[in-house]
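Chain lettering (A, B and C) follows the sequence in which the chains are written, and residue indices restart at 1 in each chain.
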Amino acid sequence: MKKTLLFFLAAMIALSAVFAGGSSESSAAAPAAEKKNEITVVYLDEKPWHDQADEFTAATGIKVNYINVPFPELRQRSLTSFLSQDSHFDVIHLRSDYVHEFASKEFLEPLDDLLTAEEKAAYNKTSLDNLSFGGHLYGLPRYYWLWQFNYNTQILKEAGVEKIPETWDELIAITPQIKAAGHEVMIAGLDDEIITYMFYVLLNCEGTTLIDEKGMPVCNNEAGARALDTLKRLVDSEAISKHSFEIHGSNPASDMFCQGDFAFCFASPATYSLAMNPASSRIVGMVETAVVPKGSVGSASWNEPAGLGIPYNAPNKEGAIEYIKFCTTAEQQKKVAMQICRVSTHPEVNSDPEILAKYPQFSSINNQLEYPSGIVNSIHAMEVLDTTAELLHKHLDGTLNTADTLKAIEKALTEIAQQ
Amino acid sequence: MKTDIKQFLRKDHTRSLFLAPALIFIALFILYPLLSSVVLALSDITFPRGVLTTKFSGFKNFAKILKQEIFWTCVKNTVVFVICRITGTFVMGLIVAMIVVRAKGIMSHILKTLFLVPWALSDVVNGTMWDWMYNGKYGIINEILLKLHLIDQYQPWLSMGKTALWAIIFADVWKSVPFVSLMYLAALTNVDRNLYEAAEIDGAGVVQRFFSVTIPSIKPIIVITTVIQSMWALKVFDLIWVLTKGGPANSTMTLAVLAYRESFMYTRIGSGAAIAYMLCLLTLIFIVSTLSLSRLGGNED
Amino acid sequence: MIDRKTSRKIGSAAETVATVLVMLYLVFPVLWMMLSSIKNPVDLFSTPPNIIPHKIVLSNYFAVLSDPKFLNAVKNSFIVAAATTVCSLMLGTLSGYVFARYRFRGKNILMVGIMATQMMPFVIILIPLFIVMRKMHMIDTYQGMILAYMTFSVPYAIVMLNAFFKSIPFDLEEAAQIDGCSRFKAMTKVLLPLSLPGLTSTGIFVFISAWNHYIYATVLSEAVTSTFPIRMQMYMAEERVIYEHMYPAAILGTLPILLIVLIFQKNIIEGLTAGGVKG
């Protein structure tokens, strides 16, 4: 009996040591005054961003606690933090659709009062609009994730194609030629909800878009019908390879393009650099970039503007805004672009001679950016993408015709917007 | 007073003292979060000024999801998934266990290490690996099936509604076989040799001995393993998310994946919590059915 | 009618074939991953898939091994998994003993309740658990992660050890108690040695589950306690999946587990076949 008591006491002491150990770490939590010299940044584990953080500390003396998260977890990590009223992040990654989602729930700190008009003028206006919601600015832009249209010169030569297709119709027209030469035509990662991205691009090529600022659908019209029709023709004629629908994860379309089986690739900006690396590509020296094929109105592309923002309950907002301002200047964006081939939100960076020397594919970027390029911005972005994708697939396998599909999309998106 | 305390100390309190640490732990770290999630499931959730605020709304969340078609699709997929996984692990687990039991010498040592290998991989790695193996252009599974003349051209297994769920079940069964085989291995080695000898003397062939001696002897283990496997099968999330995210066309969307999607993708936390509790209900149904079916076979617990 | 000798020969040939097939079934995906880990990324995507790589690339293994973040992740996984195993076995033994050796009102309900805690999918307790951990200031600490991992290990341990203890007859402990041992002493000196296989197999499964667990690690670990599955997920970078690091890392990170299985496998399986656990 005594032994049992002793054992129990020992267990209780051990357990309390566990608890005490945990709490002593931040019962020494410094009072707010000391926090001024520290900020917590949450982003990916990649060298350019770490370098930026180090440069910032060297320039301002503010220490950066850099928390690495895996790319698939970026949004979830911020969301979990918001949902549990956690308040130890100062700077978080924002994509323009996250801005809509988070700002509508008042998770983000508006930056209007933290920036002077001069500072705001240093940024391209469209890039600022991308990170705004309800008339307030919530983030400063860091880069664009712009899809580019790449082509394999070798395959086109073999197939006897002399002119790069400038419209989607032309692309469909040369499909039989390319297939006859034993190759596949276009690869784009269109699995799951990403098929909606393609539809969105086609809608923009026809002069309309998927939803307006209030989230209400605006695609049930003639332009929408044309876009949907183009999508179906692209898939039916196998201009869009059926393999586009079965690849998951970060951007495997580029990996597949680099094997040399596809004539065209519609994917991220790093595709070109990937294709020029012998360790990952069989088509070194055979790749060029062009403007995305046009619809009846013009070209368009998919673009995910990314930036940095501040949670509403961040402990050190002054430090945070300094960090954000520092990392989004043209100079910093150029450094990042040079290191990892990232499209900048400052047009002058994209046409900088140094950049063009290292990354020739940048020559068409500013051109592409003159056309509409964006992402589905909605408070319920994820749901909009998923629901539209479901209906698009129904159209693509023939279950629903064009008119019915557009009506179904309209109905579903209206429901979502009115939720 | 003093004698009361003395009397108290003399009694054997082993039982309560032993149980206390675990129960305290469970109460603090399991029950309390569970109760919080019950609150979430029964509330309307809004975010005034960024703060998560709950307002009691009874069973409204439950009523809403029960009306959605996708919920019933998920229930169907979940049930198919669980039943197939239970059957698959039962068959493969038994086969593997029997082979390991009968192996001798060095082969025995090799097998006893090998059969735990599938369990050793994390779900994320597992998912990525199977994703590439199933790939419709570069997948090794396609190549093997083609060489064996079982298919005439490469198929995108994970992108076709008909095959996606089966592909995932196959990968999941592969991962779960070690646990089940271990249980059956333990059970098989404890079967009384005399029963086999008696049956052989009676003229029973190999197959007959299997069904009349082996299976009934290990029945209790089969039941408990099935119960545990069904609990775990209902929770499977990582594998499905990495491979198909519930697509194509919601053909691989199970309740666990739907709960995640509602909570974290669509930020409808009340809905997600409600779905999770429906999942618990389904688990209870499975456990109860398994236990009563086993009793039907005339078995004492 | 085939005579006994031939039918036995056919039987044993069939058994050999079955054994080989089963081995392939268990190991093939991992073999394929090992092959993939020594290829250049461009060779990963060849049509048709090639078994022998064009060029064997071992430099990726060195790249992963010399990455301090990877080593740190493996170290953290080890610490968390080992501690979770020890704590879960301790709590599981104590509680399992009570369930196996005592009768009391509400025992069955309590056991069902403990089993029921295993029914919740992780995502749903994620946010409340995170809040609890945050209030106790245990985010990004080993203690926090161990406690979180114990939430799914302890109930499992209690259920399994209860079953193992029940299968050992009480007679030996009774004898020890009559000789003057306390309950506790009887448990440690008599029951535990006999149930070593049960303890080992439960311990191994808890260890493996804790090693590979991902969801709680995403929110409860940040810089200091980042574990192996998180590091694996980091290889799925924004631009491309870094296959050339991911597969070697997967192999390297699974080796510790295989080693532990190898060391303890004698304990699990041969102990189970020994006489001690006969019903």
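Following the convention adopted for this analysis, a contact is a pair of C-beta atoms (placed from the backbone, for glycine too) under 8 Å apart; a residue touches a chain by one contact, two chains touch by 3 or more.
None of the values given here were measured: they were computed from a predicted structure.
Colleague: Would you mind checking which pair of chains has the most C-beta pairs in contact?
Modeller: Per chain pair, the contact count peaks at B-C.
Colleague: Among the chains, which has its CA centre at the largest distance from subunit C's?
Modeller: Taking each chain's C-alpha mean as its centre, the farthest from subunit C is A.
Colleague: CA centre of subunit A versus CA centre of subunit B: separation in Å?
Modeller: Here the centre of subunit B sits 35 Å away from the centre of subunit A.
Colleague: I'd like the Å distance between the centres of subunit B and subunit C, where a centre is the mean of that chain's Cα atoms.
Modeller: The mean C-alpha positions of subunit B and subunit C differ by 15 Å.
Colleague: Indicate the residues of subunit B shared as contacts by at least two other chains.
Modeller: Where subunit B meets two or more other chains at a single residue, that happens at 12, 14, 21, 128, 137, 264, 269.
Colleague: At which residue positions does subunit A touch at least two other chains?
Modeller: In subunit A, 1, 4, 7, 11, 76, 80, 83-85, 249, 256, 261 touch at least two other chains.
Colleague: Hunt down the residues of subunit C that sit against at least two other chains at once, touch-wise.
Modeller: Residues 44-47, 90, 127, 131, 147, 182-184, 233, 236, 241 of subunit C each touch two or more of the other chains.
Colleague: Using the touch rule from the top, collect the residues of subunit C that touch subunit B in their complex.
Modeller: Listed in rising order, the residues of subunit C that touch subunit B are 11, 15, 18-19, 22-23, 25-27, 29-30, 32-33, 36, 44-49, 90-92, 94-95, 97-98, 102, 104, 114-125, 127-129, 131-132, 147-148, 150-151, 154-155, 158, 163, 182-184, 197, 201, 204-205, 208, 211-212, 214-215, 228-229, 232-233, 236, 241, 246, 250, 253-254, 257-258, 261-262, 265, 268-269, 272-273, 277-279.
Colleague: Where on subunit A does subunit B make contact in their complex?
Modeller: On the subunit A side, the touching residues are 1, 4-5, 7-8, 11-12, 15, 76, 79-80, 82-85, 101, 105-107, 191-192, 242-243, 245-249, 256, 261, 312-313, 380, 382-383, 386, 390, 393-394.
Colleague: Going by the contact rule set out above, which residues of subunit B touch subunit A in the complex?
Modeller: Contact set of subunit B toward subunit A: 9-10, 12-14, 17, 20-21, 24, 47-52, 128, 131, 135-137, 156, 158-159, 242-245, 247-250, 264-267, 269.
Colleague: Within the complex, which stretch of subunit B touches subunit C?
Modeller: Within the complex, subunit B contacts subunit C at residues 12, 14-15, 18-19, 21-23, 25-26, 28-34, 36-37, 40, 92, 95-96, 99, 102-103, 107, 110-125, 128-130, 132-133, 137-140, 143, 174, 177, 179, 182, 185-186, 189-190, 206, 224, 231, 234-235, 237-238, 255-256, 259-260, 263-264, 269, 272-273, 276, 279-280, 283-284.
Colleague: Which part of subunit A faces subunit C closely enough to touch in the complex?
Modeller: 1, 3-4, 7, 11, 18-19, 21-23, 25-27, 29, 44-46, 65-73, 76-77, 80, 83-86, 88, 145, 249-252, 254-256, 258-259, 261, 268, 270, 274, 278-282, 340
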